[in-house]
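To keep things simple, chains are lettered A, B and C as they appear, and every chain counts its residues starting from 1.
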Amino acid sequence: MSLFFVIDILGTIAFSISGVLTAFNKKMDPFGIFIIAFVTAVGGGTLRDVLIDAPISWMRDLTFIYVIVIAAIFAIVFRKRLKHLRKSLFLFDTVGIALYTVVGVEKGIEAEFPVLICIALGTISACFGGVIRDILCNEIPVIFRKEIYATACIMGGVTYFILLKFNVPTDWIVILSGSVVISIRLLAVVFHLRLPSFYSSEELEN
Amino acid sequence: MSLFFVIDILGTIAFSISGVLTAFNKKMDPFGIFIIAFVTAVGGGTLRDVLIDAPISWMRDLTFIYVIVIAAIFAIVFRKRLKHLRKSLFLFDTVGIALYTVVGVEKGIEAEFPVLICIALGTISACFGGVIRDILCNEIPVIFRKEIYATACIMGGVTYFILLKFNVPTDWIVILSGSVVISIRLLAVVFHLRLPSFYSSEELEN
Amino acid sequence: MSLFFVIDILGTIAFSISGVLTAFNKKMDPFGIFIIAFVTAVGGGTLRDVLIDAPISWMRDLTFIYVIVIAAIFAIVFRKRLKHLRKSLFLFDTVGIALYTVVGVEKGIEAEFPVLICIALGTISACFGGVIRDILCNEIPVIFRKEIYATACIMGGVTYFILLKFNVPTDWIVILSGSVVISIRLLAVVFHLRLPSFYSSEELEN
């Protein structure tokens, strides 16, 4: 069992639980909750695969569906105690987006897309599960409004190509560009960083 | 003209009319109404075909577009009297989702997807037209919040594979698993069944 | 540099700026603003390419991404003065949808789809960027509620096939059917035309 695989499972768990919690806020029924958990976990990768016309991985390998179902049941049963897990979930989510970013970039390189598109594919893999979750829950996607989330993924993608340019071995590229995603995300949350806002405080009150 | 074809037309009519009624509630213009009728009727099958990378059927066979246009015009003209048709529409819709479920499952089997994915494809075919309709109308999808709707489709898909395991002839599998979808849906509506709720009555008041 | 290319760039600029303005109203952050500009500009063509299973053009040719980034930055910097550009933007947008309609129709013909589907593909190319923009911004798509917008595209598509029937040379077909889209859109705005409404004034007040 590779480290990659373990991280992927942890990321899937974190994404599923975040989906369950959002669905709970919208008073969804068990079917709705499961669907939201599912799209949060696999939506980004699915959109990426549709865009590059690749086979969609969860349709051939059921591991992730099982993980999502178990994580969703866990989140439903222990939902009142999940706040104690908030820090662990945040960490899982953060390593999850780091991994998804790297995987997305590599799928783009494999299919010989331009650098800019590969970085976009990494960001889509990591972020668009959450975007689809928010649309299905009738909310404006949270990553469009706050949090250094997508920015961390973009920086990770950029790092990937800089290191590639310098002929750094692939394993190191993966570890280093993943670490960039994780570091930016952690620093942003610890120091309450946001992207610069264009709105005067007056405008934000409306 | 096969029975399958007749059921498919009836299902398409019911889905289109449900789309028109939702679009009316949102005060859409004729173009909007038609688009909502259209996505309600073909959205589920389209999503299924994009996921399995199959050609999208309504793009090659225009029959369904004609049916949708006629159903939409009918619904617009007679919209004030449609409540008298409520029971017929409900029945059409119910046989429609039964058929779409079976067709979706069979498309999955044909493309050699795992059992679980085939059941998911059946459910997507039957239910996601309504999901896309609700998203375009800026509502949380109704099937995520109430009604034994998706559950009926899932049970129909499960039945399909149980019967397949026992070497029941295909015609019988289709009829029996379709009947399971129809029966569960009818029983659920007659007896006001819902999936068990996780919310205390207190929580639901908010 | 062909006329086609210039029009395409102008259309992309207009679409991006309309995306930026909508995102601004929703108080999005810079990442959200760029994503909305991007999907407004390329969303329609992307949906068309997914439906016909063609490669997605912006993933291989980066010109449009650069144009969108520059237009978005321009719109952000000069957002307070954009109202002075309203007329130019409206014109860019109008020639943009005319071009996108024609390109969509031609992609459909190339892939040998039926006439009705080709017209639908033209309309999707021109209109669904705006639909996806509105969904991501949690609004009911504006083209479903008012404005002769899609109707102009449909009429342009119909014109294309009428002229094709009469063996008009392709260049002329393109110019004439594009002009139909532009004329209908301009006339509709100048004379405040809308599609006939089905709602009594009473209903509209609710």
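Worth pointing out:
Note that in this section contacts are C-beta pairs under 8 Å (C-beta built on N, C-alpha and C of every residue); 3 or more make two chains touch, one makes a residue touch a chain.
Predicted, not measured: the structure shown is a model, and the values here were computed from it.
Superposing the C-alpha atoms of subunit B onto subunit C requires a rotation of 120 degrees, rounded to the nearest 5.
Different-residue interface: subunit A and subunit B share under half of the residue numbers found at their contact. Look at where the CA atoms of subunit A average out and do the same for subunit B: the two points lie 31 Å apart. Among all residues of subunit B, those that touch two or more other chains are 50, 53, 135, 138. Within the complex, the subunit C residues that touch subunit B are 50-53, 113-114, 116-117, 131, 135, 138-141, 143-146, 150-151, 194-199, 203-204. Remark: subunit C residues 23-24, 26-33, 35-36, 46, 50, 53, 55-56, 59-60, 62, 65, 76, 79, 135-138 touch subunit A in the complex.
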